[in-house]
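You will see two complexes here that share chain A, one where it goes with chain B and one where it goes with chain C.
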Partner chain A sequence: MKVFSKIYLVLIFLLLYAPILVLIVFSFNEKGSFAAYTGVSLKWYRELFRDSTALDSLRNSLVLAVSSAAVATGIGTFAALGLDRMRLRWLKNSISAVTNIPMMNPDIVTGVSMMLLFVAVGGILQTDLTGFFSMLIAHITFSLPYVILSILPRFKQFDRSLREAAMDLGCTPAQSFFKIEFPHILPGIVTGFIMAFTLSLDDFVISHFVSSPDFVTLPLYIYNQTAHKVKYSMYALCTLIILAILVLLLLVNFVSGIGARGKRKKEIA
Partner chain B sequence: MKKKLSLLERMAAVPHIVWIALFIVGPMLFVLYFAFTDKNNQFSFSNIGQLGNYSHIFLLSVLFALIATAVCLLIGYPLAYFMARSKPSTQRILMILLMLPMWVSLLIRTYSLLVLLDNGGLINSLLKAMGRKEPLKIIGTGFAVVLGMIYDFLPYMVLPIYTSISKLDNRYLEAAADLGCTPVGTIFRVVLPLTVPGILSGVTMVFVPSISTFYISQKLGGGKMELIGDTIERQFKQATANAYHVGAALSLVMMILILISTLIMNKISDGDEGGVLV
Partner chain C sequence: MNQDVLIKLSGITKAFDGETVLDNMDLEIHDKEFVTLLGPSGCGKTTTLRIIGGFETPDAGDVFFDGERINDVPAYKRQVNTVFQRYALFPHLNVYDNVAFGLRLSHVPKAEIETRVKEMLEMTGLRGFEARKPSTLSGGQQQRVAIARALVNQPRVLLLDEPLGALDLKLRKDMQNELKRIQHATGITFIYVTHDQEEALSMSDTVVVMSRGKIQQIGTPTDIYNEPVNAFVADFIGESNILDGIMIADKQAKFAGQTFVCVDGGFEPNEPVDIVIRPEDVDVVPVEKGMLAGKVSSVTFKGDYYEIIVDIRGFKWMIETSDYVAPETTIGLSIDPDAIHVMKKSEYSGMFGDYSTFSEEMDHLSDPDAGQGAEEAAE
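So, the complex of A and B:
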């Protein structure tokens, strides 16, 4: 059983990684073909960096991800506060249900529905509404449920008697909120921001429907480039993205590992 | 004791409510509007009436998504189980290995599969070097599309199942063994029933993107495999504005399909929790 489970794990992970590894290995192949590996070269990387649209799309992606995550985190934090304090059960439940629609729906339906909104309203106003702002609105909208989901439980876990104690000891309600309750929910806000940021960076389907050709993000750029024939500079781009993600994942794991160890040390002390 | 809420606390959710009304409810209403009007903005059922023409595409999409989901479950459950049963240090590494493909864009993963399977791709180049004249046609078949779905979405099946297996109380397994259950019997009679919520969330996370995909079928189907996602995408991105109405009707049907299956899933998992309590 032990041996079988090891073989199974190795086999499935090998299959999962084979296409990605092939991509990485052949991104360094001088000759743009699978027929022969003519030598290691950075030719395709040079070609990639000569392509200014690739770098523009990366910048666009980052700008969009930071701004949409910031707005979504702002709205979402207040929404979580409001939902936590809300006493009308039916209102609370219906707000949550509507908020979660983009999470339940297939991305294509969310994308199409937003596109129809922008097209119809744009038709009434006689302008083209698609572009940076339509994408910003769309990205904020699909990030909101994830932001609220990571903040709301923090509010729920918070022991309200702590705030009352702070006020008994002379804090104003605002002080007690910012000194006692806010630090408790802060990790949820940070998680929410990171989630919104990564969701925005990764999104292709919804962006595909609400974008216009003058604001292209990285996934849209990859889509356009892979639409026709095989381009080896795309292998290089994909390799760079995969490596960036790997480094980030290892870093997060490393930092959280140190954090966990630090905590354990503190507990022992 | 109910405390009085400050004005800020009472108003905090208002921007969010306005936002979701404008950008979640609003777009949904536009889908409804477009689905039930014709190109002259007159109320009509003609778009809904035309849906019959797409029934074979719907059936093919459901079939492909079901096969992909079933295979993901068959491959993914043992994977999750073995992962959860390995050493903690190994588990950490395996988790990173599982998360990495999830973080890499779907476009890149699908593209990497195309690189492998294409007519001029690695597999066919190797076959050619081994003396095969005709390239093996994989791209453009239903097999390639289903394979793409399995490859792209397998981690989404493994992760929730892995989480629910790791949360499992070991004492249940010891109790089952003490009471004479064989190891295999324990898996089928104890582990499997207790991890149904994880299975259901994995199934949803594979089925929903599989049935609505258009990139996988575009790339790996080589333009020959049309799924419902492709049809919708074409109505909105390539055809003229008149096609929006049929596209909206198709999206509406897809939304209702997903809604119904989600409700059924929730019903099953609720029922199961009740069963465990008894």
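So, the complex of A and C:
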């Protein structure tokens, strides 16, 4: 039984990660082919870094990811604060449900509806809204629920008597928020930011609908490059992206791990 | 005495969701006094404390501090600090930073903060714990940090909301003495909330007994114990036999079918009253020498005394005696005139006093044990 479960586990991981492993291995293949592995080389990485459109799209992606994550985290923090302070239970629940819709919606629906929105509003205003602006709005929209979901539980865990204790010791309500409550929810904010960042970085479907040719992000660029004929520098690019995402995920786990450990200690005490 | 009044509550009324928690309450608290608000849960004692602390606003009535009305003064501007029931220590700050929190907010010079925090940690026995996080401390240590954090600000008044409720018995006794010592040393007015009558009697200068949002009695611990004003206070503070009686004339009370000489007076002739007799004030004597006679229905060994329940004409008395008496025997009882306390009838009359339910409770409690024993024997 034990052997069987081990084999099962190995199979699962193999299925999950074999494609990625193949991609990483072949990104170092000197000959641009799957047919033969002619030797380890950084040829495709060099080619990638000579490709200025690829680097532009990487820069676009990063700018978009950072700015949309920052705005979503800002809005999400205040939204979570508002939801936490809400007295009426039915209102609180229905607003939470509404904020979760962008998360449940299929990307294709969100993407098409966003495109229609930007085209319609652009038509009314007689301007072209597609580009960085439309991408920013779209990315904020789909990452917002994830931000709220990572911050709201921190608010719920917060012991309200701490707020009273802070006021008792001379804090104004604002001081008590920034000195006591904010440090408590900070891990949630950081997690939310990182999640929004990664979601924005790898979004393709929604971006595909709301982008314009003069603002292309990395996933769109890769899709364009591979749609007709496979370019091997794209394997190098994907490998780099996987590496970046891996680092971020480790960071997220580390940050939320700190929060969870603190909580566990308190429960034991 | 009156110029010493530090806190005055006048006509305080407070309701939550239409349910009245405090009903037109008046209370004066003197400077440097150790006052305990005592009562069962839901009597309004914690709400009273929260109104003084500024965490609740009364629906009606005024709060005065040093002669000034402070109804609209927010909590962070009041010269009052609180020790919360669950300590409410800041989890992301270490012990030192927790204690220094209030001083830093009021921009006390850094050097002074250091000496005052150090002094306070010394006083509460927390030296060496400066760098520890609250989550790594035991309940008793957290309690001390909470006290130090409040006292270091040198408030005029310290509010304590059942601060020892979460500690075990031994630690609670130690902390009671500690708190009393700290109160003497600092001369700060303590307002202490508890439902533990023993705690209230042993620590306070003044006890305020509350029930149903109203103050039942204010007095020194001895007054409250010896001269309860009504059946509620008599029952809540210590054990007591509360009987229906009639004041025939001054110093003559009739109860349990007999007329007794007592020391109370000032009632109408033949006024119905409640009579309180403490279990330790009844002497067990031979039947022929007793004023009353009854049959022993249960005996419980309590360590330094026996607690016996005696049935006298259908009323179960509780008596504490150092001499053993066998169950089912008939004994005589003798009561000194000054052991008989007479109270006016109140809304609480007839609700307490008889120990018949008490003994049933005891039977009920011992039943599961008996069942378990049988099971074990079967195995």
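The working rule: the second predicted complex is superposed on the first by the 241 of 269 C-alpha atoms of A that agree within 3 Å, B and C clash if a C-alpha of one lies under 4 Å from a C-alpha of the other, contacts with A are read in each partner's own complex, and residues count from 1 in each chain.
Definition applied: a contact is a pair of C-beta atoms (placed from the backbone, for glycine too) under 8 Å apart; a residue touches a chain by one contact, two chains touch by 3 or more.
Everything quoted here is computed from the prediction, not taken from an experiment.
J.: Looking at the combined model built on chain A, do chain B and chain C fit side by side or clash?
T.: Verdict on chain A: chain B and chain C fit.
J.: Please indicate which partner A:L246 is in contact with in the superposed arrangement: first for chain B, second for chain C, both, or neither.
T.: first
J.: In the overlay, work out which of chain B or chain C sits against more residues of chain A.
T.: The larger set of chain A residues in touch belongs to B.
J.: Which of the two partners, first being chain B and second being chain C, lies in contact with A:T226: first, second, both, or neither?
T.: A:T226 sits against chain B, while chain C stays out of touch.
J.: What is the contact status of A:N105 with respect to chain B (first) and chain C (second): first, second, both, or neither?
T.: In the superposition, A:N105 contacts chain B only.
J.: After superposition on the shared chain, which partner residues are touched by A:A120: those of chain B (first), chain C (second), both, or neither?
T.: first
J.: Which partner does A:I75 reach: the first (chain B), the second (chain C), both, or neither?
T.: Touch status of A:I75: first partner only.
J.: So, does A:L169 touch the first partner chain B, the second partner chain C, both, or neither?
T.: second
J.: Note down the smallest distance between any C-alpha of chain B and any C-alpha of chain C in the overlay, whole angstrom.
T.: 6
J.: Identify the overlap between the chain B-contacting and the chain C-contacting residues of chain A.
T.: none
J.: Quick one: which bits of chain B touch chain A in the complex? Just the residue numbers, please.
T.: 5-6, 9-17, 19-20, 23-28, 30-31, 33-34, 75, 78-79, 82-83, 85-86, 92, 94, 96-97, 99-101, 103-109, 111-116, 118, 120-122, 124-125, 128-129, 151, 154-155, 183, 208-209, 211-212, 214-215, 219, 229, 232-233, 236-237, 241, 244, 247-248, 251, 254-255, 258-259, 262
J.: In the complex formed with chain A, which residues of chain C make contact?
T.: 53-55, 74-76, 80-82, 84-86, 88-92, 101-102, 105-106, 134-139, 142, 149-150, 153
J.: Inside the complex, what are the residues of chain A that reach chain B?
T.: Per the touch definition, chain A meets chain B at residues 1, 5-6, 8-9, 12-13, 16-20, 22-23, 26, 33-35, 75-76, 78-79, 81-83, 85-86, 95, 98-99, 101-102, 104-110, 112-117, 119-120, 137-138, 140-141, 144, 148, 173, 198, 202, 204-205, 208-209, 219, 222-223, 226, 230, 234-235, 238, 241-242, 245-246, 248-250, 253.
J.: Would you mind writing out the residues of chain A in touch with chain C in their complex?
T.: Checking each residue of chain A against chain C gives 159, 161-162, 164-172, 175, 180, 183-184, 262, 265-266, 269.
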